[in-house]
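Below, subunit A partners subunit B and then partners subunit C, in two separate complexes.
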Partner chain A sequence: MYKKAYGIIETLAPLHVGAAAGEESGNLNLIFRDQFTQTGIIAGSSIRGRFRSDMRSKRIEWLESCLSNVSNDFKDLYLAKDDTSYLNWLEEEVKKLGQSLECPKNLDEHNWYGHHAVEGRPDGGTTEAIVKFEYASLVWLPVFCPGQPVVWISCPRLLKRYKLITGCDAPIPKPYTAAKTLRGRQISDRGTAKQILFFNLGFMEIEQQIEAEAMQKWIPQGVDLAVESFVVVGDNDIAMLHDMALYRQSRIKMMDDMKKVDGGAFFNVEALPEGSVLIFPIALKQSGWKPFGDDASQDMYFGGLESVGFGRCHVTLAGDYQ
Partner chain B sequence: MAWKTYDLDRIAQKLVLDAKERDKDSLGQAFKMRVAVAYGLERFWGEHLRLQGKKADEHKAKYWKETWDQLVAVMLKAGVKIPNDSVQSDNEKSVRSMAEKLWQLDIQDQRVAIAVLAQVCDCLVWWTQRYKKK
Partner chain C sequence: MSNIPDAYKKVPMMFQAQTNGRCQLQRLDPDRKKDGDPQDAEIWCKQWTGETYPVTPIFEEPVKTREYSISWRFVTNSGQDDGVIRPVIGASGYPFYPGSSMKGAFRQACKRLFSDRLGKYCGQEISKGDFSPGILRFHGGYPVDKSWTNGLVDLVHPQQERQVMSSTAKSSAFIQISLYQPTIQFGISASEELDESEWEEIWQIWETAMGRGIGCRVSAGYGHRDQLKGELLYPPHLLKGQGMASKRLDESGEFRPNIFRAAIRGHALRIFGGLTDAETAKREVERIFGGVSGHGVWGLLMMNFVTTNFESKLFGNGQWEVPSYKVEGELGWLLSQEISEEHKAALKNLILHLNQFAMIFGGFGKSWRRADHRLFYEEYYEENNYRKPLIGCHWQWKKGRYARDVKVYGSKYVTSFLDKLQEAAKIWLQLQNIKLTTSYATGWREAWHPDKVMVWGRIASNKESSEAIQWLHGAYQKRDNKAQVPELSIYKSSVTGRVGQIGRLWHRMYPLMKLEPDPNDSAKKIPKPTASYLELLTIFPDGSDDCLNFLKFLADDGQFKQLWGKPWEIE
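Take a look at the complex of A and B:
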């Protein structure tokens, strides 16, 4: 009954989806993590919110076009009123003209993502969404390797979810598997031919090596990553490696008139690093959903802390969604 | 187990507590160590020799050297050999020979050692903050 699709998110800037500054004790603004691997996620509601907001902008443009036939200076008219949102004001103005507020279906965020509650209507006037989103989980996460190229790690559990969502038919690599083309270090005097990868907090022996073509199957659509940098690690180790890979900073807000910290305006953030790859399932009750027009991919902003430069992502849709 | 931790935090805590026990004034070296890392292994290693001669700085010299010894031990666990000759500051020949060995380290080994050393120093700074109160 449902059409199955999915989205691939590649972070182009650090990404923080979780508590905002000041919401958690200790001032550490943790990202949301999934409960099994303890690795970063983007909540389905955050994904929906971004899609809804982007489509609402398109509806606002449509409302503006309804008014522009009448007047060109409607933005000045709005600026005089500060007690209503721009969207509400536009809707009122369009209504005054006697025009219908019903915009083309492909621009109506209420249609695709569900109608919010409205006072005075039965059941608040809410509707079921046509498009359903689940949370996005990591597929590949970049980790710094001193003296070696950056590697992208995953684990069997995360790859299992990827496999379920995409229908990929490759067998899931065992823990500590890399492609034969991995550029690790060969430490000859350890009595082993195994490759070694060094990290800041420890090192890792590659126990299995598979053909590059087999690893290739785990590169998601629309993502530009090289198989020789992939390493599958154990489910039990991914949480620690993930924490080592996160982007962390202490940040402050300065006073407006002096170059010093504004009282207690001090916060620590963590974020998924740029170059992280995530996947989220989408289920649709009907086709025709074209959030990116005729394109399959687009840049979108997720999470908070845009003010510190976070959140830019590249999203690619795949599967049966149009 | 394919993943092996260097246990840097544990090593650092011990280094800091040992240093504090000898002379709490040497704890201030941790931040200097962290700064020295960026300039390379030779500078870090050489610092204990600079401090060696003076009576007042002996504990500080020991702190630098102990940290270096721990780095060498940790890297050896990972299969990377970092030279660690026993050198006295007044023996120029041995200083020169040890320095040469460090400069000649494979560039990849240097990068790994420097990354680990930076991490050790970050840990030292952390534990210093914890134990610095008199």
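Take a look at the complex of A and C:
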């Protein structure tokens, strides 16, 4: 009944999806975490919001094209009025011309993501969305630790969700599994030949080694990662290792005219590091959804702090969506 | 978990506590240095850089990028460890200049340059508590290649107290981690299409922001571009000089442009210390140069030195071998904040005189109180086959702004120059509402007050004819048993100082210029270099017999004339 698809998100910059800065009483802006693994997620509503907003921009372009036949300087006309949003103003202008506001279906965000509430209509005028999103969970998370190469970690629980969404047929690796090609931390005076990694839990030995091809199956579509960097850790450990891997930054408010901290304004922010890979399921009631045109992937921004470079992601759609 | 012998010793330094016996990044352990063992900071850096991701992070379309090189060192304090400044480390272990820092710097520059675009670029409050986002996104910066892993350990050695205020003050070196001369790629993107011309404007704003330095410790010369741009107080001083380079922990040399600022800041303290009490002098110096008193003082001035020519080589033989350098460059001062025109003019005049003072009476960097023995006492090294320490440094103005910078063309100019410098300092202090009284920082070793300091000078016809340089290494008066004249010397006395004790005498060979009529304009005169030097002795007498005997000798000998300070009288 539903067409099943999914999206893969690879972060190109730190990603912070959490409470907005200033709404928290503390000075640490945390990211949202899933309640079982305590690892970072992107809420389905955030994903939908971004897709909706990107499609709305396309509809705005379409509305502009309706007006451009009439006048080239409509942006100046709008600037004279400041009591209405640009979108509302465009719609009014198009209506004045006696044209229909109905745009091509593939550009209409109300069609795909549900109509927003309108005053005075039954049920608020809302409609059901054709495309439904669930939250994005981590698949692989890079961890940098001095003295060893960067490794990407996951755990059975996260991989299970990945498997459910993608239909991957490989057996889920046991905890402390890596490909035979993993290069760990070099410690010479040890009896065993097994690879050792250091995480903030302490030293961790790789217990199972699998063939590179078997690990290859856990690399999502459109993601350029090397199997020798993958390590599957235990479900109980992922939360703590995740916290070690997060990008953390102390931020301050500078005085407007002076390079000096404004009073005690000081807060910390955490974010998923760049190079993280997430997956989210998509369910569609009908096909024909082409948010990226004819391409399967596109850069999108998720979460907050966009103006300081956070949230830039590469999104690849897969499955039965078009 | 695995069985690893002495596992606790193998925990990466980044995860060890900042405590004695674990990891103390900021501490320089002299015993380890003596034994040639690495310091914690060196181990930390080696671990950090050893396994960073092999591919340098780059920004891809639609992010627009530009690369800029930093003239010297660069650091953005990550704030992750207590008591030590070390860079922000981004994904894959690369040092990262955060987008938030970039936006902050851009915002301030945009406000100065195009305040009407501030809302568009950086966002603004549209109604109470409601903000509209700007169209720009600041992605921060990464170094462009692997060279950032070199020279990370940065030694900082504060000396102000020991050199100016108290002979007994202790000074020690601290470690900081900063990037050495990195080239950084910065990224900016926009949420809408912009014209090429608008991007030009955006980068212009970013360059203006960089003109004031980025990261932290910018007032000390960190985080400046490799070319001078923007809001200089006046055209830069053109200098060239040679001296002994600072040593890194691994014994390699590093020319550290913060020597200029340290010297000039120190001189400001001496001059103020001769005009007002110690506390006021310190406070007023912090007002100009910044400091850490109270909640921190944001200094009015920032220094920037741009190297235009540089040579480094080793000097001396065997255990005396040290890194030395020859450098040419442009020393500029920037105003870090808006002040009134009146204050600006007074500050400009003051810093100009302080720069000139530093050049006329001493030098910069190590051994700045001595004339360069390689130039003025060659036989000292030749006789010993260069088995002698490198002593002194030599600085001179480079052609270009002689008319502004030289100031002293002979002995008689010294007195009037110093009077003008004091006048400039007085005017500045009065503008800060400071009442000048006769009480000054009497307790300081080098307060610039006529009762505390004497300047003596003579003309040396060429670089071989320094008189005083011999006195620093042997008797100025030979023993003559018949005439019952004892041997007298200031060698290794409190006057000249010794290892671990700073002397009370500055010896300077200031290259003399002469003024010649301008062939194009008979009313004007233009400075021309000569072969001679103004030999200057600046002495802060300590009342010891060594000192009194020497002053008596100076007066009797008659070659040197007293040019400043309370006239010396033979009792």
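Note that the second predicted complex is superposed on the first by the 310 of 322 C-alpha atoms of A that agree within 3 Å, B and C clash if a C-alpha of one lies under 4 Å from a C-alpha of the other, contacts with A are read in each partner's own complex, and residues count from 1 in each chain.
By definition in this document, a contact is a pair of C-beta atoms (placed from the backbone, for glycine too) under 8 Å apart; a residue touches a chain by one contact, two chains touch by 3 or more.
Please read all numbers here as calculations on a predicted model, not as lab measurements.
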| message | For A:237, using the defined touch cut-off, is the partner it touches subunit B, subunit C, both, or neither? Pick first, second, both or neither. | response | first
| task | Mind working out whether A:176 is in touch with subunit B, subunit C, both or neither, as first, second, both or neither? | result | first
| query | Of the partners subunit B and subunit C, which touch A:205 in the superposed model: first, second, both, neither? | reply | both
| request: Name the contact category of A:226: first (subunit B only), second (subunit C only), both, or neither. | output: neither
| task | Once the structures are superposed on A, label A:196 by its partner contacts, choosing first (subunit B), second (subunit C), both or neither. | result | both
| request: Considering only touches as defined above, state whether A:256 meets subunit B (first), subunit C (second), both or neither. | output: second
| query | Which partner, once the models are overlaid, touches more of subunit A's residues, subunit C or subunit B? | reply | C
| Does the superposition put A:309 against subunit B (first), subunit C (second), both, or neither? | second
| task | Using the touch definition from the top, say if A:149 reaches subunit B (first), subunit C (second), both or neither. | result | second
| field | Residues of subunit A that lie at the interface with subunit B and also at the interface with subunit C | value | 146-148, 187, 189-190, 196, 198, 200, 202-205
| note | Per the touch rule above, subunit B residues touching subunit A in the complex are 2-6, 8, 78-80, 107-112, 114-116, 118-119
| note | In their shared complex, subunit B is touched by residues of subunit A numbered 146-148, 175-176, 185, 187, 189-190, 196, 198, 200-207, 233-234, 237, 240-241
| task | Could you please specify the touching residues of subunit C with respect to subunit A in the complex? | result | 1-5, 7, 10-15, 44, 47-48, 50-53, 57, 60, 62-63, 78-80, 88-93, 98-100, 102-104, 108, 111, 122-123, 133-134, 136-140, 187, 189, 212, 218, 296, 298, 336-338
| query | Which residues, counting only subunit A, touch subunit C once they are in their complex? | reply | 12-14, 142, 144-150, 187, 189-192, 194, 196, 198, 200, 202-205, 247-251, 254, 256-260, 273-275, 299, 301, 305-310, 312
